[in-house]
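Both complexes shown next keep chain A, but they swap its partner, so chain B is in the first and chain C is in the second.
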Partner chain A sequence: MSPRPGFVLEVDRSTPPTLFWNGERYGLERLPEGARVVYAPEPLDKIDDPVAAIRHALEHPVGDSQPLSTLLRTGMRLTICFDDVSLPLPPMQAPDVRQLVIEEVLDMAAAAGVDDVMLIAALALHRRMTEAELRHALGNRVYDAFAPHGLLTQHDAEDPDNLVDLGQTDQGEEIEINKRAATSDLLVYVNINLVAMDGGHKSVATGLASYKSLRHHHNPGTMRHSKSFMDAPASELHTANWRMGRKIAESVKVFQIETTLNTDTFPSRFAFLQKREWEWSLRDRATFAASSAALDRTPERVARQILQSIKSPYAMRSVQAGEVEAVHALTTANVWEQQGVAVSGQTDILTMGLPYICPYNVNSIMNPILVACLGLGYFFNMYRGKPLVREGGVLVMRHPTPWDFHPAHHPSYIDFFEQVLPQTTDPVEMSKLYEESFATDPWYIHLYRTGHAYHGVHPFYMWYWCAHALEHLGRVIVVGGDPKAVRRLGFSPATTFDDALEMARDVVGPSPTLTHLHSPPLLMADVT
Partner chain B sequence: MKTLLFERSLPRFAAARVASTFGSGRGAGVGPLRLVDAHAPALPGDGWHRVLPLLSGICGSDLATVDGRSSRYFEDLVSFPFVPGHEVVGTLESGGTGANGSPLAEGARVVLEPVLGCTARAIEPPCPACAVGQIGDCEHVAFGHLRPGLQTGFCADTGGGWSAAGLVAHASQLHRVPGGLRDEDAVTIEPVACAVHAVMSADIRDGDSVAVLGAGTLGLAVTASLAHLSASGRCAVPSSLAVGARYPHQQRLAVELGATEALSPGQLARAVRRRSRSLALGAPGIRAPKLTGGADVVFDCVGSADSINQSLAMVRPRGRVALVGMPGRVHVDLAPLWHREVALVGAYAYGTERIGGAAAPVRTFDLAMEVVAALGTGRLVSATYPLDRFEEAVAHAGSAGRRGAVKIAFDLRPAPGTVWKERPT
Partner chain C sequence: MKPADLMARLGRTRFPLAAPTWPGGVPRPAPERKVGLDYDHEWSRRYPVRLARAVVLDNITRPVAKVVAPTTVRGIEHLRHLEGPVIFAANHASHVDTPLLLTTLPLEFRHRTIVAAASDYFFDRTWKAVLWSFALAAIPIERSKVNRRSADTAAELLEDGWNLVIFPEGGRSPDGWTQPFRGGAAYLARRTGRPVVPVYLHGTRHVAGKSTATGDRPTRRSGTEATGRRGLRRAEVAVIFGPPLLPREGEEARRFSARVEAAVALLADEVATDWWTARRRAAAGGDSSSRGPDAPAWRRAWALGPAPGDEHPVAGEREWPRV
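Moving on to the complex of A and B:
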């Protein structure tokens, strides 16, 4: 049977309760009759021989590009950059597609006699990856061949000796990116496009940039005018990155390799998490009951370890290589083919259960700022056309929102939460008053460069990511969250889902429409 | 007349100490403090006046005394039995003169400057400190015609504020309360004077970053004093005034009184680090990071081992830590003090202050009255109790922060309410 497309269910009396993620837990909620539930498409068929598909893509590039083998030559300087630990989510089962692609690129480079090769994790301002994370992304063979010789590095946006100024765009945006990458004869970028937002010129213009460069598009103005991040033509974030990418292309030869994945998100023992509830088998029901009860009784830290250990059975759906924009057009089409769901009309109340993981807490804690970012920055933006929820509508999220931070990964988040949010939740005001001091703070910079800390400015970016939703929504309600933490975010806490709906009615009226975003697996709503 | 008397009783002292392990202020019920019927003490000599208390506050040193936790250092500086209470606003039973020599009519409202220095003790010539108006540093608080007692409220001859019978005060201890001040404002003048003295002697310079650890009465008074005195040109203007306050109402009050930011004590060091753009030693998540730089001046308004250690960890090299909260015997690691050449200085009581290059010193109490009037520190008085509910009053004072309060006082006004009155803080 071929995979079924995405689906919008209208809840009636016979509809079983709906699965809601709740951080490191999950449970069922009975939605009111007439509510809609948006389900992701089923996983499309995987590529049977991904290695052959990669080889084919490298030798049959799209756009204005030569086959990779003809771009490689003895004596050249080759740099391979790759997406970091924030992709995919959850981390995929080995072998990771980055490993498969990079091994092929390296085989070709070796065959061409290229011996000046360096690998760079394109961190932007993210935390440095651990050895285990690098080994998982690249495989032991690649790691052991490069890391011991210092040829596997991680982009350091605060290393003035390894950044280069490539001028400005016609809008005056400064471009400062990784020097080794920019001064190579060929820059090969290896991407995983989990959602439509990823990839394209954003790979190099963001992933290899410094704060000086990133601030031109990671700011409240740009974020507010990105409607949405998943729809590049309507995204100011992407428009700015495209300007920068085209400027970079004037002096840097980039060979872009992008991959897409299917939506096979959870391993078989958690298969119920990506099924439609009325199709749960007896085994699914038993697994749900047992696992949710066990997680409810498990200390949060242990539950986090259990869930963070999940490796997704994602399979590669497509691989395309060559010139950045031509590649990305194909990539985006492939992502939409897998994740797109047609939805007719907006809703008064949008509900969602937030899972345990987002791009910035892999092997870490989902702190309150990341909860906000996942709900308002990511899930809210999983649309094209119009937001799922109408302007002035209410977003109801379920997440425990613990007042808890990973001190090594998110040190500046702690200070942002304690020192900035009590003063203001307005992205524009905080950017004026506080951003620069956080961005240039020597301790945060030290921890970013030498430890595993996100850059000092990163919590601001997470908040800016919410800017469009904050402006659009009438209220944000968090069900089951730590009330103090929720209020600190400027949101409203609710004890139960029913309480949240009552509170939402105060904003949108007594007979609201309600739509539930049943994700993960990831889906993108094409709202008309 | 109802009077709370503190007697020397080792068994009761021990009982109070044990009881206080269950919470500050719990020693009142079992310790040496008793409610008795007593008369006002006799006037010790010329120049002395009888004061009938209206409100009398309970301060941290009172709590430590009642709980048997005071340092043994004070043993020779007090005389038993004594009536506690040194934060006093009251009325004069008969006319007299005040500290500045001005006449005071019968019934005049006065606030007590409780230090019993050379003048009150009729010691001539006065000690060097008293000779220049620094009565807090008086060398004779255990000598002269009065029995030992560093302040009224710790001396067997003067009585104290926790008595309806009244106390005796020397003219040099009396300050007229300006007409615009409520009793609640006036009863905070003494702790505010302590804060003013701490601020004026902290060697703050323009642009300094200042941190205040603790937001009880003293911490909030230091905040208010620094904010007012710097705004009115009496002392240097700091670039920041960050306050570590455990409870939300304390954080709100700190900001209202002039703090640039108020945070939980655990966050204070992080805020200081960020403001000073300092680095920090150790893992980034530890509760009390050791800063490489830090605040120029830290006011420790708690006086515990933890607070002193924390202060030393967040002051910059060659910075200054002012101990405003009364410490006892504490275990403190002085390695950072030595290594970073930090000045750890005490800040006790009051006297006179020199402002800028002015030739004549100003009385600390006069400055304190200005601060009280300008910032309305009477809002810190959260609840008042009659004397016969002293156990509840002291327990309330001992858990003030937790219970949303700041300053607890005894209400001895002629027609006090029959039950204690709690005001929103």
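Moving on to the complex of A and C:
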């Protein structure tokens, strides 16, 4: 049977309760009659021979680009950059797509006699990847060939010796990116495009940039005018990145390789997590009942370790290579083909269950700021056209929102939560008052450069990521969250889902419409 | 807790403990077909299942078969120097044909043999599919025609070292006489290069044949429909193995199938007369007796003769065949 497209279910009396993620746990909620549930499309067929597809893409580039083999020559300086641990989510089962692509690129480079090759993880201001994470992303063969010789590095946005100023855009945006990448004869960027937001000029202009450069598009003004992040033409974040990327392309030869994945998110033993509830088999129901009961009784730390150990059986759906913009146009179309769901009309209340993982807590803790970012920054923005929820509507999300931070990964988040949020939750105000001091704090910079910490300014960016939703929504209600933590975020805590609906009615009226985003698997609503 | 309370509580069980209800707005797809040709029978060839089947076959099926159908086996010497896998092509008159044939096979073949069984009869329900897959290592085949999927499965298993029992008639004989052979066995032999051993099963129609084929005294079930005796009856039977046949160079499946059919007919003739008479008749190009006379149905039934134990009709009652 061919994969079924996504669809919108209208809840009736015979609709079974709906799965809601709740951090490291999950449960069922009965939605009111007349509510809508947006289900993701089923995973599309994978490419049977991904290596052959990659080779074909490298030899048949799109846009104004020559085949990769003709761009490689003896004596050249080649830099291969790749997406970091924030993609894909959850991490995919080995072999990772990055490994497959980079091995092919390296095979071609070896055949062409290229000696000067360096690999760089395009971290931007994210935390450095651990050896295990790098080995998983690149494979042992690549890691062992490059890392011991110092040829596998991670971008350091605070290393003045390894940054280069490439001038300004016509809007006065400063461009400062990785020196090795910028001074190479060829920069090959290897992308995993999990959502439409990823890739394009954003890969180099953001992934290899410094704070000085990033602040021009990672700010409340740009984020508020990105409607949405998944729709590049309507996203100010992408417009700024495109300006920078075109400027970079004037001096740096970039060969972009973008890959898309299907939405086969959970391994077969957790298959029920991506099935429609009324299609759950006896085994699905038994697995759900057993696993949810077990997780409810498991300490949070252990539950987190169990779920973080899940590796997705994602399969490659497409690979395209060549000139950045031509490549990205194909990539975006492929992502929408897999994840797009047509939805008619907005809703008064949008509900969602937030899972245990977001791009910034892989092998880490989902702290309250990341909960806000996942709900308001990511899931809220999974639309094209109009937001799923109307202006002034209510967002109800389910997550335990624990007052818990990973001290090694998120040190500046702790201070942001303790010092900034009690003063203001307004992105504009906090950017004016506090951003600079966090961004230039030498301790945070030291932890970012030498440990595995996110940059000092990163929690601000997470909050800015919510700026569009914060401006758009009438209220945000968190069901089952730590009340103190939820209030600190400026949201309203609710004990039960029914309580949350009662509270929402105070904002949107007594007979509201309700839409539930049944994700993951990832889906993007094409709202008309 | 009282049983009534327990039932009431169970009755209130809801999703996910109970099966989910289906939303009214979502069309229900046709249930996924997992029986018939689509039945996944791979499990029945795993070692633990084979072991269990061997235990059942040797300790239950075989003794029962000996009691119900005391068997004379002839021609077993043809299998002595034969290396498997081979295709056993037999005439088919009774449900006991398969267990009987399996239990008379030499040990080196017995527990490494699968049986081609009609998908529409033996695999139309899950319980039947499970039962026959386990008890007989049956695999579903399309009996009305050479189905590519059935043929692929059977050929793969032959190439995998499994012997195959197949009844080229495509079903039990409706009247006790052999029906024309279909090409499946010959096709598989040509495709895999494995030999076909012709087998004639004599007298099994009296044990559990089709009700119209037993030649027994009919019983009247309704005003117009008359059928023969149903169920299991005891009768002596014989299993005769012929020499293995291989397709000749350039021989088409259809011709080879005719040769297999002729070989089974020869074995049948051998039982009816003797080996020498049968050979002479075959050499002279004479008609085999296994197909029965080319005559109206009652005469064909009459020509079968009385069933064992019915050789002497009740005095005063004439034994007319009922057709």
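One rule holds in what follows: the second predicted complex is superposed on the first by the 528 of 528 C-alpha atoms of A that agree within 3 Å, B and C clash if a C-alpha of one lies under 4 Å from a C-alpha of the other, contacts with A are read in each partner's own complex, and residues count from 1 in each chain.
Going forward, contacts are C-beta pairs under 8 Å (C-beta built on N, C-alpha and C of every residue); 3 or more make two chains touch, one makes a residue touch a chain.
No experiment lies behind these values; they were computed from the predicted model shown.
In the model built by aligning both structures on chain A, chain B fits alongside chain C without clashing. In the superposition on chain A, contact of A:289 is made with chain C only, not with chain B.
Contact with chain C, but none with chain B, is seen for A:28 once the two complexes are overlaid on the shared chain. Vertex at the C-alpha centre of chain A, arms toward the centres of chain B and chain C: the angle is 130 degrees, rounded to a multiple of 10. Contacts of A:437 after superposition on the shared chain: chain B is touched, whereas chain C is not. By the touch criterion defined above, A:302 reaches neither chain B nor chain C. Within the superposed three-chain model, A:9 lies in touch with chain C and out of touch with chain B [touch as defined at top]. Using the contact criterion defined above for the overlaid structures, shared-chain residue A:278 touches chain C, although it does not reach chain B. By the touch criterion defined above, A:132 lies against neither chain B nor chain C after alignment on the C-alpha atoms of chain A. By the touch criterion defined above, A:411 reaches chain B but does not reach chain C. Superposed on chain A, the gap between chain B and chain C at their nearest CA atoms measures out to 42 angstrom in whole units.
By the touch criterion stated above, chain C contacts chain A in their complex at residues 15-17, 19-26.
On the side of chain B, the complex with chain A involves touching residues 261, 263-264, 267, 270-271, 273-274, 277-280, 283-286. Only residues 9-17, 28, 277-280, 282, 285, 288-289 of chain A touch chain C when the two sit together in their complex. For chain A in complex with chain B, the touching residues are 405-408, 411, 414-415, 418-419, 423, 437-438, 441-443, 446-447, 451, 453.
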